[in-house]
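Next come the structures, one after another.
Two complexes follow with chain A in common, the first pairing it with chain B and the second with chain C.
Let's turn to the complex of A and B:
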């Protein structure tokens, strides 16, 4: 019996029929459908015990005391730390995205050495550290040849960096511009010394001149908690908040009163207010009261109206509110946290002196003991330093960049980036591939705040000495990174220097000890507070005499950079999760919107949605126009944090960078570079 | 022409006779039975790969030492289930080799002392999109869902589905739904998929 064609077909048909009575088809279909849900790029959940560990998140400028939630030891979320008396369970929008940012694709994954324009190769840590030592060693002992730029004004890391520079015969440790830098200069002009503090929680009227205290100025979470405490549910508010600034920002939106004041007129506004208060009987025992009174008298309500557009009635109402308050407090600053002059600060702070609130509302913090010997930061900021580099006045051969992004976040950003090109060797200690790291010759990946020890001493704005410490949340960083301070201490040892420490953790322990604080308690989420030092201030009349009169130019508009903490900071691009919060009247596709009132737009010859070019000096940026009646007259408001050229796919190439059109000028009588009063021309394209 | 037709017809009839000789429905039955056998016997062997646990863990020996199930498989304070113990727990007894079993040496030298967690193969591992609470199911006997490993000296072979990548013992959704239905527990999506 042979098997012919027909017989074979019968077997096959029988086989197919038989298969239907087996799990082959049904099970295969089921398993293939499950297989199709398991692509390798789908993230897998980490499993294990869920814990919450106290941490210090330095992603925002002030630093947030938070609780990091972990599963199986890896962070997955950030919550407020209710046990911390400063944050009281609050967390800022940047630090809230901290866990996500730990796994960001923008993180530098290993040491990188530049091998061509925009090209890097991964190298081993020992090779990277050897290269750093070699480059610094060549320049050791040559004054002015090694410099450092830091964006961390609260960490003890700065002491190590300045100590290292001192040991190498250099003193060029420059801070990125900040309110603290300017405010300390202002205090000196008022005959005092130290970092000023502001007791918002103890005030019953808070006048914020420019300072965006409820979103981006000072310890924002603590400020917000203080504000919230004055708004008890179901009861009347116990304090009034007034915002006088160029834009109806987040602070202005919740304040009791918003007074639109262009950025170049804040000093004139404060002096106009002083004039009204003195006219109503305010006196001060300060030695320069007579001089101050005469100066203020020039700032009549009519003059203030010319400079700011504010009606006399608004000013008088505000003066009446202040007179009625028992504990008024004035906070002056730039609406975007930098670039204001010391005179703007003095004008605002002089109101506290006039109201007798120095020592109560406005405090002065004592100098903190150092853990590492050295001279500290230069009295010039990074913008002034790089301006000197661009002209050849300063010619360093090596630059250390720590927690800073000067190529993006300095005025005239394009010029600053070019100035960096004049420095032969640049090393960036950066957690993320930012614009400055992309220009450097060596990138040394720094740990994320949840992967390292770090500390925060006296974040600008706190009313009393404050110290926080953070310990690593994870056992091992998720990238191949090393603590920058550990690397610098190691380099110092190889260069024959003795700074007295081997690790950053040891430095912080010494700092805590010097302050009389308990390191372990701080690392567990605690806080150390000291007492303000007291002391009187004068009214700064001789300095204020140099306040330049506000000149109005019909061809230009005042530029008001607008900060929104959720959209990142000078050192951090917008966290991907927060991009969802960007409105389509702020960014549409890749177009950033600049904002101005309808009247201003009409005078500038532009309308809603128009494409425009903003120019100032050599810088220019492109955007669209959005009409917003919350912008002061004659002012164009531009959101900060956009126009990134590095970072990741989420932030790169969206909008334009307002820092490009901020223009630097010299402040009369203080020697400071300022850019808060920048002006721009707006042209339709 | 007629003659050619007759010859062709004859060939067809001859072929038909030969086919009857093949057994009629027999080839069909052979194919049917072969497929059924292949489908129920060979297919599962092809579908699953066999794996053994990285360390031959003996539940029997540990029970003989007086340990209870919840000595290692315990609920945490927050009510979540710890599942398999980590090195921290194992090293309470096995920081160094304390017995003569070679499996213990493997654990101590290759995992515990190197600070490396043992990549245990989990027989009932559920997909990430399933939220399973042991606490909510603690009244049900472990053996209803898990292999009975309590008295084994060598862990059972782990069968991994070559297509889906899951264990053979991973419970399917219909099994969850059936039990929920039988116990009058909601089968709404959000009960398991958070």
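Let's turn to the complex of A and C:
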């Protein structure tokens, strides 16, 4: 008997109903959903014991004392070190990405020798070191023929580099521009010496003029912790914070008051404030008070309004706030951490003198003992040095670049990169393939901070002498790299010099000993603190007499480079993990947005989203416009850290580099090269 | 759970974020990416494709010059008491049924229909448009806490749930009570790393936990409270304009509408 239609339907319906009562179909669906997500290209997690080890992360300029979490010995995350009194468990956004940066595609994987324009070949370490020794050996004893540029102002590595140069008959050890460099010059102009420090934790009113203290000025995490301690959630604040600067930045966002002050008018603003304070009865026993008082008197509220656009009431309110404070503190700096003149620093610091806060709020740190003999860094910075190289005034035959990126991060960056071309042999000790490494003849890969010994002495801004040490977290570096200091010490030996050490770890141990610190405790995440030295400062009146009146023509805008720590620094392009934090009103695709207020945009004839060209000096950059009412009038704010030409797919070619349009001028009376007051023309394209 | 009702738990993990302390530095976003194995994107400016379990919004008061103010608002998943995402999920891939009140997201169950994303008024849910491809070698720095999700599934913040399980396990090992964790015993990565301590975390129903008082402070508020989703994330700001923005004028469409706690 055959199967009729009714029988067929019965079987199908019965079959379907039957399967619904069995777990087979449901189990299969479950398996399908699991296995359809279980592809071999989905990365599997690492297994093993999870541990946390204290480390010093020098990925950010100040250095963060952190704990690195490892699984089966592999670092995977960075957490705060709550036991360290400086970081108190906080971590900056760059160091937070530290473990992933060990595997950044931009890392230099082995020693590289240049074989053509933009072309490198991997070579063995012994060949690389032999080449280094050969090139330095040829120039040994010829003054001015070997120079070094360093971007690390806190590490003892600098002593080894300057010691090596000294042994080779050279003294050209140049630091990349920084706040510390300018501030020390400022202190000299005030009759003192040493690195100034600022006790934010001990102040009940902090006025930050330019200095972006809660994001990118000084030891930011320590500053943030000091700020946070005055702001218990749900209770009254115990200190006031005021930010006066060109942009409503991260610091201004949480400050009690933001006063928009164009970058070229910070000294005038500070002197205007001094005038109001003196008018309200402030006096100082400093020898130059009479001169200072007369100078400040020129900066009336009307004059300040002309220079800054700030109304008289705002200034008077601020003066009243300062007078009411028991422990006010003024911190002056460039809003982007460099390029300000010493006079800007002096104008701000003179307020601390006027308020009787030197020694209490503003301190001076004593010179630290050296571990390696030598003279230290030059009186000129790397920008001045490369300017001399470009004109032929300086003609080194070999240049050592350590933890610095001068081809990217100096004003008129394209000219600086060209100046590097005048030097026959350039060697870069770099962890990453940055713009400067890409121009060098030899690249010697440096370990990532979790792979090496390193130290931090007195990061700029700390109120008392501070020393931190970091030991490697991993047994072996991920790439074929060697510690630059070990390489230089080895080279020194082959060149017949005796610096007294064989490894960087030995140098750091000696440094700790010289300071009277316990190396082992420091390497385990501890801290060493000394005491600031005493000493008074004058008001710097004779220097301040040179403060130039602020003039802005209608065709140009003041340029305010804006630093955002999460987006990296001169020596670190935005970490891949941090790209998520970049807003699409800051970077969209490959377009960088420059920011200005609606009024300023109207005057410049541009609107939201417009494509513009910014030019100054020989440099120009392209961008789009984003309106931001937090930018001071007549000012265009440009984020730093973009426009990379080396690095990796995550950063290369995105946006443009603001350093290209920073223009250098000579500061009246101090001879310093400054670029914080750069102006630009903005044209629609 | 029944529709429209808040499911009560003895322990209710919550966050109180002090917007007057948040500098917008972004360390929380980085720590979250690291903890939860979110692969970096080459073009992260395409915000329709990025995965931001915690996203720091920038708010401003619309004024200019010395009157201008900015606030930063980190937005994790609100772990709503009465979540909009849970009832719309056709495959029960997201649930709120565990002690602690964390809204789960079960990736192997998720079919990628994205109803939950449409339902969530906080835009806290993200769809994986791409497979998680890490730069070569970077997979060695994967966190052991969270499995990497394939493309085609929705994901979101879960208050670093693995840390919750680890804290309970530790309590068990030490002879404590896993359902009565001490303040600070369990802390998501964002709260742990925040350099200004703007993010407080704890059991909002436990008087021993500092978030208990903070969540009831006079300046505390929640986002879009009038929707009645009863979020477990609270914000604090002394600035009135910030509190008003948090409310987003949902009831009347006009700024400054009277606030009503649900």
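Throughout what follows, the second predicted complex is superposed on the first by the 639 of 685 C-alpha atoms of A that agree within 3 Å, B and C clash if a C-alpha of one lies under 4 Å from a C-alpha of the other, contacts with A are read in each partner's own complex, and residues count from 1 in each chain.
FYI, contacts are C-beta pairs under 8 Å (C-beta built on N, C-alpha and C of every residue); 3 or more make two chains touch, one makes a residue touch a chain.
From a predicted model like this one, the values you see are computed outputs, not experimental measurements.
In the superposition on chain A, contact is made by A:32 with chain B only, not with chain C. Applying the stated contact rule after C-alpha superposition, one finds that A:50 touches each of chain B and chain C. When chain B and chain C are set side by side, the one touching more residues of chain A is C.
Once the two complexes are overlaid on the shared chain, A:228 sits against chain C while remaining clear of chain B. Common to the chain B and chain C contact sets on chain A are residues 34, 37-38, 44-45, 47-48, 50. Chain contact summary for the complex, chain C toward chain A: residues 16, 18, 20-27, 29-31, 33-35, 37-38, 40-47, 50-52, 56, 58, 60, 62-66, 68-72, 107-109, 111, 131-144, 147-150, 152-153, 189, 192-198, 200, 213-214, 217, 219-220, 236. Interface residues of chain B, counted against chain A in their complex, comprise 15, 18-19, 21-23, 25, 27-36, 38-40, 43-44, 47, 76, 78, 80, 82-83, 86, 127-128, 161, 163-166. Residues of chain A that touch chain C in their complex: 30, 33-34, 37-39, 41-48, 50, 71, 74-80, 89-93, 96-97, 99-100, 102-105, 214-215, 220-221, 224-225, 227-228, 231, 233-234, 248, 250-254, 257-260, 309-311, 314, 478, 565-566, 575-584, 587-589, 597-599, 629-630, 633, 648-650.
Only residues 1-4, 6-8, 10-19, 21-24, 27-28, 31-32, 34-35, 37-38, 44-45, 47-50 of chain A touch chain B when the two sit together in their complex.
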